[in-house]
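You will see subunit A twice below: alongside subunit B first, and alongside subunit C after that.
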Partner chain A sequence: MDVFVQALFSGLLEAGLLMAVSVGLALVFGVMGVVNFAHGALLMVAMYVAIEVGDLGSIWITMLLLFAIMAIAGGVVYLALIRPAYHLDHTFQLLITLGLAVVLENAALLYFGAQPRSRPDAGIDGSLRILGAALPWNRVALAAIGVAITIALYLFITRSELGQQIRAASQDTMAAQLSGISVQKVLAVAMAMGIGVLGLIAPFLVTTTSVSPTLGDRFVLLAFVVVILGGAGSIRGAAIAAVIVGLTETLGAAYLPGTLGLSAVWILFVLVLLFRPQGLMGNRV
Partner chain B sequence: MSGMRRTRGAWKVAALLSASLVLAACNGDSGGSEDAIEVGVVIPLSGPTAGVGEYIQRGYELAQEEINADGGIDGRDLEFKFGDHAGDPATGAREARTLVQQDKVVALTGSYESGVTLVVAQTAEQLKAPYIVPYSSATSITESGFTYTFRTRPPLPEWAKTMTDFLTWQADNGGQPVEKVGLLVDGTEYGDTAAAAYEEAAQAAGLTVVDKRTLTQGDTNLSAQMTQLRNSGAQAILASTYLESSMGAIRTLDSLDWDVPYMTVGSGIVAPAFFDLGELANGVTSTTSWASTIDNEASKKFAEAYKAKYDAEPTDDAAYAYAAAYLIKEAIEKAGEDADAEAIAETLRTAEFTSEGANIIPTGGTLKFDEKGQAHPAILMAQAEDGVWNSVFPEEFASSDYVPSGG
Partner chain C sequence: MNSSRRTQLIALAVVALLGFGLPLFATINIQVIATSALFYAYLGTCWNVTGSYGGRLSLGHAIFLGAGAYTSTLLFINQGISPWIGMFLGVVVGAACGALVGWLASRYRLEGIFFAMVTLALTLLAAQLVSNIGTLGGAQGLLVPLSPDGAADYQFADPAALLRIIAVMTMGVLIFTWWLRGRRWGKWIAAVGANDRAAEASGLSPTLVSSVGMAIGGGLTALGGTFYAQQNLFVDPASLLHWSVSLAILLPVIVGGRSRAEGPLVGALLLIPLEELIRQNADPGYAGLLRGFLLIAVVIFMPGGVLDVVDRVRARLRGKTEHSSPEEVDAHAADRA
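Up next is the complex of A and B:
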């Protein structure tokens, strides 16, 4: 019983983290059709910045500062790299973001060195006890922020005027332009939001996970699984997929024999691709 | 218009890729003098284990600097040429080949991941170049019949035996008696080999393996696995986790209020970055093949020189790199003037190496390779105390008393 409860709750916490990492990717993918391979590398950069700025008196201030920094970074990436290639084949954007990931990784290696770094002592100690399961507070906070980010992004895209403009611009660029929407501006905002949310989780993530230059590789792969599973570009789908992936990971690790537990997520992924290639929530926001 | 955009897009890609190449090149090493004796080092300087590669590179560089300041090898400079394998076996083989055939190095050393080491050993065998392996611990490396491969680091079964010996010993020295152990290993060949070695050592020591759980290296959320291990009745955990996951495991144990010995192989725990855990690090005891506190003058001198030069504590990997450099120096000297690769290999097969530098690792003073090309230094248990790894076991190499948990 306590194995199940522990696996269930830590799966949900994992899901919250996966949401936080994936929704930005889903947003950029969904509304812009841009496959951003540098998403993980940008998360890595956000984590290093979180460690560098250190304690600003309150972790919330660090969060807001990092959101600003990463949103600006997202905007710059869009204006400098994506926009010039926006009308080209998707392969170009894919190569550009892949190139950016390589540059960021090597720059981090050069500037921060190769040793893993973290801030486990950032002052969020102890665990939440619930039905016999122990959930470290920093992971709980991380998951809560992930859920909050997901809801906020979803509301932003579906309810706000800017969100509707973003969707309009992504669905029919020409029509959007004709109706007076500044397409380039709204897409830059979408990119800034998608990357900016990475800044919100970085200050918490460095308390549970060490950062090294190649950290992005690990996250970007799982984030892509979540985005594709959810139905490319659907924020709601990504949220549901994150829960499925998180639970599959922890329940698989607890109950499946040997290394089968590690493969569970990938087996699930292959099955979904075979039987529902458009993803769980394909073609919806 | 569209043609121009296409060109601009392509130009951006080209610019990004070349920028990354320039950055990557800055990481490498170059230059060298005419008549230096060159030795090739194939290690991970980028990729997921670049952190370990950095320690290793510094170990070689420090030894090179000392050796050359002290007159080199019979008046000639010793120079290490570095090749980056980034954790990839094919790249490792290519780098080794380039170093031997183009750069004409007289010997090879390095690699880290056992998979890479294995293919570099095959390459060295083909090219008849002596290859000194100071890191990888997979058993297969010395069980494949290689005659040019010489490993200074003990293989996994000896690490496993040290863990079970320690579990027995600590029960008589204030610790809790342990009868049941649980395994936590990754799903790679390394994890499989570790699990097999742990099972064998446990059986030999009269311990029961009650459960085996798996993880993906890099995972830090291990509470599902840990809860299963606790339910199985395990009183100690033998793991194959690398540093990232080991730190996650220690945090998980703490969050579950479960206080049991957790051990893994070498720098999977015993590394300076482990102290990022703060208070949680204290008391953790795990295996290492070297500790700066062991009673050995040359070893202490090395630790101080390393700290002075790099402003960081050395790891066992750095110590093994440094010792390998001195071993190579001694082998070349023993092989005689103008020694070629064949003469150096033959010296490594037959001679005993007694220089201080080559014996900063716990050998007891003499390093010698058996017929399989394996040397037999001791494996130690080190315990964390306020930012220092103290050697606590075996007693012959202990610098501090073991502090049982809760004590």
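Up next is the complex of A and C:
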């Protein structure tokens, strides 16, 4: 029972983090059909930047700064890499972002070295005790921020004018263009937002997780599962899927022998791709 | 596109010279680099059976490579069966894995990025499973024990022997690919890869053709897996069953060009020596940087690869001279009328 409760709560905390990591990817996938393989590598970059800038007096200032940096990075990635290949098949865009991931990983390796880094001192001490499970406050805070970021992005997409233009462009590019929306601008903004949210989560993630050049691999693959399971472009879907994937991962780790826990997630991934590639939410936000 | 007889002979001559000429004068280091280049040329050509003219972007060929490496190694360790025989059982296992992937792809209509994703997911799953099965060596991997019989057990002290073997394998797979492309089955595999539904409408069974295509690619890749195991005398999930291995197989194909059978050979001969030079003289991270930048640049600026650019330049040059011929002008006039 204790094992179950612990795994359950850990899974929910993992879900909060996965949401924040995946919603940006979901947005980009939904709007452009581009599966951004570099999403995890960009998170890795954001974490290194978060460690480099360190304490700026307030965590909110750090978050805003990182959001700005990563949003600009997202815009640059769109203009430099995605736009020139926009007319090509999506598999080509997958290859380009795969190339970007390889570049970022190796650049980080050259610049920061392979040694993992983190900022455990910046976090909150102690654990939350609930129903016999011990949850480090660090991770609780991370999950809460993850959920908040997800809600904020959802509100931005559904309520703001820019967000509605992004949705319009993703549903019918031609019609959006005819009604005066600059699709290229909208796509650049979507990419900037999608990558920007990685900057929001990074200052919190470095308090619980060490960053090394290959950190992105695990996250991008988990985010793929979340995004495909949630449905292209669906932020609500990604939120629900993040809970499913988070629980699958921690319950799998609790009950399957060895390190087989993650294989439960990969089996889920294969099954979703085979039986429900349109995801839980289909094409809804 | 089918290659001219002359191009085919040049390709074979280059591989033969590398395999059998180089050991006569080159240093061991150069022979090792050539072995690596031909290894990736071989794997890329296998990938191309279903990747390019089969139209499917597989990120899962690491599975087939692993299937071959593990099958022959396990048979050698547990049953004492020589990898020369074990490699053929590896082909059977690799082909079975390939048939399964091909069947899934067709049965569930996995197209474009979804096929890439499924092959990626299956690689992750395979790595997790192998890492957790003790009899497969787990995450630590398996050492291929040194054999007193040496060559009879596919073990060589002389690196030139491995270079000769991979050269023969590369020539074999090139000849096979050219042959296959001229046959009905080759055309079917291309048709199903390019457009499942259209191929079905014209009376083919896409499921069967897709399974056979991936089985061929998987079986041939597995043969490369045994070569890998005997070259390194070590197999483990981290260096065999990882998406970066699939990328390493894929990259020479993209650089050289996917449309022609010789593309992967050209790509590997351009890319691998350059990478090895960097790796030996600088931080290996720079070789990784080159890999990533090249992938991006080739896809953006010449998605058809080097051979496609060469073909176009030649077509343009020929176009200029032929435009003046009277027949050509007449043909154009007829078109307009």
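As a convention for this text, the second predicted complex is superposed on the first by the 274 of 285 C-alpha atoms of A that agree within 3 Å, B and C clash if a C-alpha of one lies under 4 Å from a C-alpha of the other, contacts with A are read in each partner's own complex, and residues count from 1 in each chain.
What we mean here is this: contacts are C-beta pairs under 8 Å (C-beta built on N, C-alpha and C of every residue); 3 or more make two chains touch, one makes a residue touch a chain.
Quick caveat, the model's predicted, so the values are computed rather than measured.
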_Which of subunit B and subunit C A:L274 touches, first, second, both or neither_ = second
*asked:* On the A-aligned overlay, A:F224 touches which partner chain: subunit B = first, subunit C = second, or both, or neither?
replied: second
*subunit B versus subunit C as contact partner of A:L162, first or second or both or neither*: neither
*More residues of subunit A are touched by which chain, subunit B or subunit C?*
B
*Touching A:L262, do we find subunit B (first), subunit C (second), both, or neither?*
both
_Quick one: is A:P136 in contact with subunit B, with subunit C, with both, or with neither? Answer first, second, both or neither._
first
*asked:* Contacts for A:V35 in the overlay, against subunit B (first) and subunit C (second): which applies, first, second, both or neither?
replied: second
*asked:* With both complexes overlaid on chain A, does A:A148 touch subunit B (first), subunit C (second), both or neither?
replied: neither
*Kindly classify A:Q115 by the partners it touches after superposition: subunit B alone (first), subunit C alone (second), both, or neither?*
first
*Which partner does A:V102 reach: the first (subunit B), the second (subunit C), both, or neither?*
both
*List the residues of subunit A that touch subunit B in one complex and subunit C in the other.*
81, 84-85, 88, 92, 95-96, 99-100, 102-103, 105-107, 109-110, 217, 258-259, 262-263
*Using the touch definition up top, name the residues of subunit A that touch subunit C in the complex.*
35, 81, 84-85, 88-92, 94-96, 98-107, 109-110, 217, 221, 224, 228, 257-260, 262-263, 266-267, 269-270, 273-275, 277
*Sites on subunit C touched by subunit A in the complex*: 57, 104, 108, 110, 112-114, 116-118, 120-122, 124-125, 128-129, 131-132, 139, 243, 247, 254, 283, 285-286, 288-289, 291-296, 299-300, 303
*Parts of subunit B lying in touch with subunit A, wherever the complex brings them together*: 2, 5-6, 8-10, 12-13, 16-17, 19-20, 23-24, 26-27, 45-48, 50-51, 53-54, 187, 191, 212-216, 218, 220-225, 227-228, 231, 243-244, 247-248, 251, 255-257, 272-273, 276-280
*Over in the complex, which subunit A residues touch subunit B? Could you list them?*
2-3, 6-7, 10-11, 13-14, 81, 84-85, 87-88, 92, 95-96, 99-100, 102-103, 105-107, 109-110, 113-121, 127, 133-136, 139, 208-210, 212-214, 217-218, 250-251, 253-254, 258-259, 261-263
